[in-house]
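Two complexes are shown next, each including chain A; its partner changes from chain B in the first to chain C in the second.
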Partner chain A sequence: MTSLWEAFAAAWALIAGFDATLAQIVGLSLQVSLSAVLIATCFGLPLGAAIAVERFAGRQALIVLLNALMGLPPVVVGLLVYLLLSRAGPLGSLGILFTPTAMVIAQTLLIVPIIAALSRQTLEDAWREYDEQLRSLGARRLNAAMTLIWDTRFSLLTILLAGFGRAAAEVGAVMIVGGNIDGVTRVMTTTIALETSKGDLPLALGLGIVLIGLVLLLNTAAALLRELAQRRYG
Partner chain B sequence: MALIRGLFLGLALLGLAQAPAVAQQKFITVASTTSTEQSGLFKHMLPVFEKKTGIQVRVVAQGTGQALDMGRRGDADVVFVHDKVAEEKFVADGFGVQRFEVMYNDFVLVGPKADPAKIAGTKDIVAGYQKIAAAKAPFASRGDKSGTHAAELRLWRVAGIDPQTGKGGWYRETGSGMGPTLNTASSMNAYAFTDRGTWLSFKNRGDLVIVVEGDQQLFNQYGIMLVNPARHTHVKKEMGQTFVDWVVSAEGQKAIADYKIGADQLFFPNAKR
Partner chain C sequence: MLPLELDRLSFSVGSTPIIEDISVRIEAGPRTIILGPNGAGKSVLMRLCHGLLQPTAGRIVWHGLRNGDPRRHQAMVFQRPVMLRRSALANVVYGLALAGKSRRASELRAMDVLEVVGLAQHAGRPARVLSGGEQQRLALARAWALGPDVLFLDEPTANLDPASTQDIENIIQAIHASGTKIIMTTHNLGQARRLGDEVLFINKGLLMEQAPIERFFREPASAEAGAFIKGELPWH
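Take a look at the complex of A and B:
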């Protein structure tokens, strides 16, 4: 029990003490994971929408595959990206291993399936509901998809938050491709892993509490935004 | 392939746009071990070097096996580890230029205060190992091919014991770094073989104390080497060599000797110049 209290005390000290190192680590965590969500959305959402409104051979298999890929272990994605970006690998000449960019790439790969699979489900459900209506208006599939995305935007926002949660919470991928370099690629989760290694469990858990607090803050902001928008547009 | 390459390049540019300050800085990447990083040595000595040369040193801390592999793949400019046999092979295979001895510390055997193998306060590590095996007392091993793991296994061989016979029973491989292994040992009151630096800076000791120390065979030598630029042309050989030279120079050696936790000096410089 004492170490739990110590953890809360450590979390409070971290927040109240606001040191520059922690701010930099938190900033990098947000920067990496938000970039990953943004990029993954650019790929995942169109992919999900396309599968939702199109009918083609192998569609069912693709859906099953996407759903399965939601369970990709971060450490496997990390290893894959590491081998690709390593100097001895096919993309080694880019020299971006152990940079935040490599971390963004790994997290993007990790959450594209989540965004694609979940948005596919959401859009397909909406498509079933509005199918007749959209058809009777003579909407093309592309237009239909756009309309569906706009109509389900609040549900889609939750999907993006799920993607962000996955990215911000994982440690396996960023540890391998980032290398947990002090001041360069050290993020919240790798710091927590490091402090756990050092046996400073209260500090590690304290950092964990700060991380959860951050995610909570972001979700609150999203919920408020949604509330406001719903009031305005009904 | 061109498409993928373009895509990654685009992402790379995005990354650069995010962090321009980081991208423009002169830096080298050093593959090193968890013992040097987690003991706090790098935090103490690297700022001295960075201030003098303006070269930022980016340390990726892993087990010695993984750190050498990073060097072999060309993902580091300098390797700074502690497994003499593996290091000499690394150089002999043409992956490293030349190995320099840097410093040493020592390994210690930690164990629970209750001391089921009755070895507390003894100096003979081999006899200690034999008593642990005889008593079938729990022993937490790294099991991760790190330098510390290699040293631990060497001593089992000297003791004439194959710890694999106790696997799953008293001999438990955690397959993780020094800190996590100590966390495991502390929670199941097991003996564990650790470098003194990590032990001194480790906070979650529980009931563990040092039981065996001071044996000649517990000597732990660190070596540093530049990754061979002939093998990997992108290796930053000037800056990397500058770092290697500094570490074995009088100034670098003093920075190592100056690092203390409380009254304890963690590493003892012994570069041959």
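Take a look at the complex of A and C:
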């Protein structure tokens, strides 16, 4: 019990004192996961929108597949990206294994299905309401998809946050493709795993607190924004 | 682009017929009211005419259409208006922009119609926070702004209180007076009398009669129509 309190106190000292190592690790985590969310949105959102408004053969199968891929184990994604990027792999010549770029790629693959599947659901629900009105006004599919994205933008923001939460919290994929190299590819989750196994609980705990705090902060901001938008736009 | 001719028009879902073999000619000018009991197929018939549904058999012919897409010359107002999450003005501009109007021209035109329907002072307010009656007036403005030859209205006052209904009826009259053909469904026989010139009476997907409004109420051609009028106006 005492050691837990000591660890908490030490963790708090690290956070309050803006410990350089801690800051560097948090910074890299944010950089990698936010980049992954941004890139995954560029692929996932149009994919989700296309599935929402188009009718084509195999659509239902694709929806099932995307929903299933939401539960993709991070270590498996890490392994696949590792195989692609390793020296002998098809993209080995790029030499980006064990760099932050590789971590961004892995996390992007992990959350594209989440963003695509959830935005598909949101946009399709909206489409059911808007369909006849938009077609009556002469909107083609692309117009309609853009309109739906704009009109559901606050719900979509929550989905992006879910993607960010998944990326920032996973440890398996970044561990495998990043290698947890001190000062280069060490992020919050991999550090927590490493420091815990080494017995340096203050740093692990401090990072844990920051990680939870960050996710909480972002979600609170999103909830407030949604609430505000709901009142403003109906 | 009128007259509109429906040639042996049918629509079914699976093996259930909704509209059966309807042939009719709708001329420019008189306000056409589609009447019939619940589930008769009134809304489906309008959606077929407007092009939102594809007929399973038969043809829809716009005899007066000289150029291009018939959809460009018609508009529709639904029972429950769907408002985009943007300002009242932007909702009207949206339709005009889709029709290819420039931003400047769209805004001028949109302000004009908002003025006419009495919503000019709400132009900047988010459309979804307007009252039900205001939203329906906005829906009428959005449709009217497009300058359609034909305006379809599907039970436009079904969910509204008497005062809002009065506003909507006045706007529909003004749209008619501006030269747009009105084709609407309603449950309210008083409204049908006030707004209609001719009636299409539909029952179980079949067209029972097409008649001038006065004659329809005085001497309906079918027993079904007689029962419908009695049922809707039980004090007669």
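In the analysis below, the second predicted complex is superposed on the first by the 206 of 234 C-alpha atoms of A that agree within 3 Å, B and C clash if a C-alpha of one lies under 4 Å from a C-alpha of the other, contacts with A are read in each partner's own complex, and residues count from 1 in each chain.
The definition used in the following text is that a residue touches a chain if its C-beta (ideal position, glycine included) is under 8 Å from a C-beta of that chain, and two chains touch if they have at least 3 such contacts.
As the structure is a prediction and not an experimental result, all values here were calculated from the model.
Participant: According to the stated criteria, A:Asp151 is in contact with first (chain B), second (chain C), both, or neither; which is it?
Facilitator: After superposition on chain A, A:Asp151 lies in contact with chain C alone.
Participant: Applying the touch criterion given at the start, work out whether A:Arg87 contacts chain B, chain C, both or neither, answering first, second, both or neither.
Facilitator: first
Participant: Touching A:Ser197 in the superposition: chain B (first), chain C (second), both, neither?
Facilitator: Touch partner of A:Ser197: chain B, not chain C.
Participant: Go through the superposed model and pick first if A:Thr99 touches only chain B, second if only chain C, both, or neither.
Facilitator: After superposing on A, A:Thr99 lies in contact with chain B but is clear of chain C.
Participant: After superposition on the shared chain, which partner residues are touched by A:Ile39: those of chain B (first), chain C (second), both, or neither?
Facilitator: A:Ile39 contacts chain B only, not chain C.
Participant: Mind telling me which of the two, chain B or chain C, contacts the most residues of chain A?
Facilitator: Comparing chain B with chain C, the partner touching more chain A residues is B.
Participant: If we overlay the two complexes on their shared chain A, which of chain B and chain C does A:Leu62 touch? Say first, second, both or neither.
Facilitator: neither
Participant: Let me test your reading of the model: by the given contact rule, A:Leu30 touches which partner, first (chain B), second (chain C), both or neither?
Facilitator: neither
Participant: Which partner chains sit in contact with A:Ser136 here, chain B, chain C, both or neither? Use first/second/both/neither.
Facilitator: A:Ser136 sits against chain C, while chain B stays out of touch.
Participant: Spell out the residues on chain C that touch chain A in their complex, using ranges where they run on.
Facilitator: Where chain C meets chain A, its residues are 47, 50, 52, 71-72, 75-76, 78, 81-86, 94-95, 98-99, 126-129, 142, 146.
Participant: Within their complex, state which residues of chain A touch chain B.
Facilitator: 31, 35, 39, 86-89, 91-102, 104-105, 108, 179-182, 184, 194, 196-201
Participant: Looking at the complex, which residues from chain B come into contact with chain A?
Facilitator: 5, 8-9, 11-12, 14-16, 18-19, 22, 29, 34, 38, 42-43, 58-61, 72-75, 177-180, 182-183, 186, 201-205, 232, 234
Participant: Per the contact definition, I'd like the list of chain A residues that touch chain C in the complex.
Facilitator: Touch residues, chain A against chain C: 129-130, 132-139, 143, 147, 150-151, 232-234.
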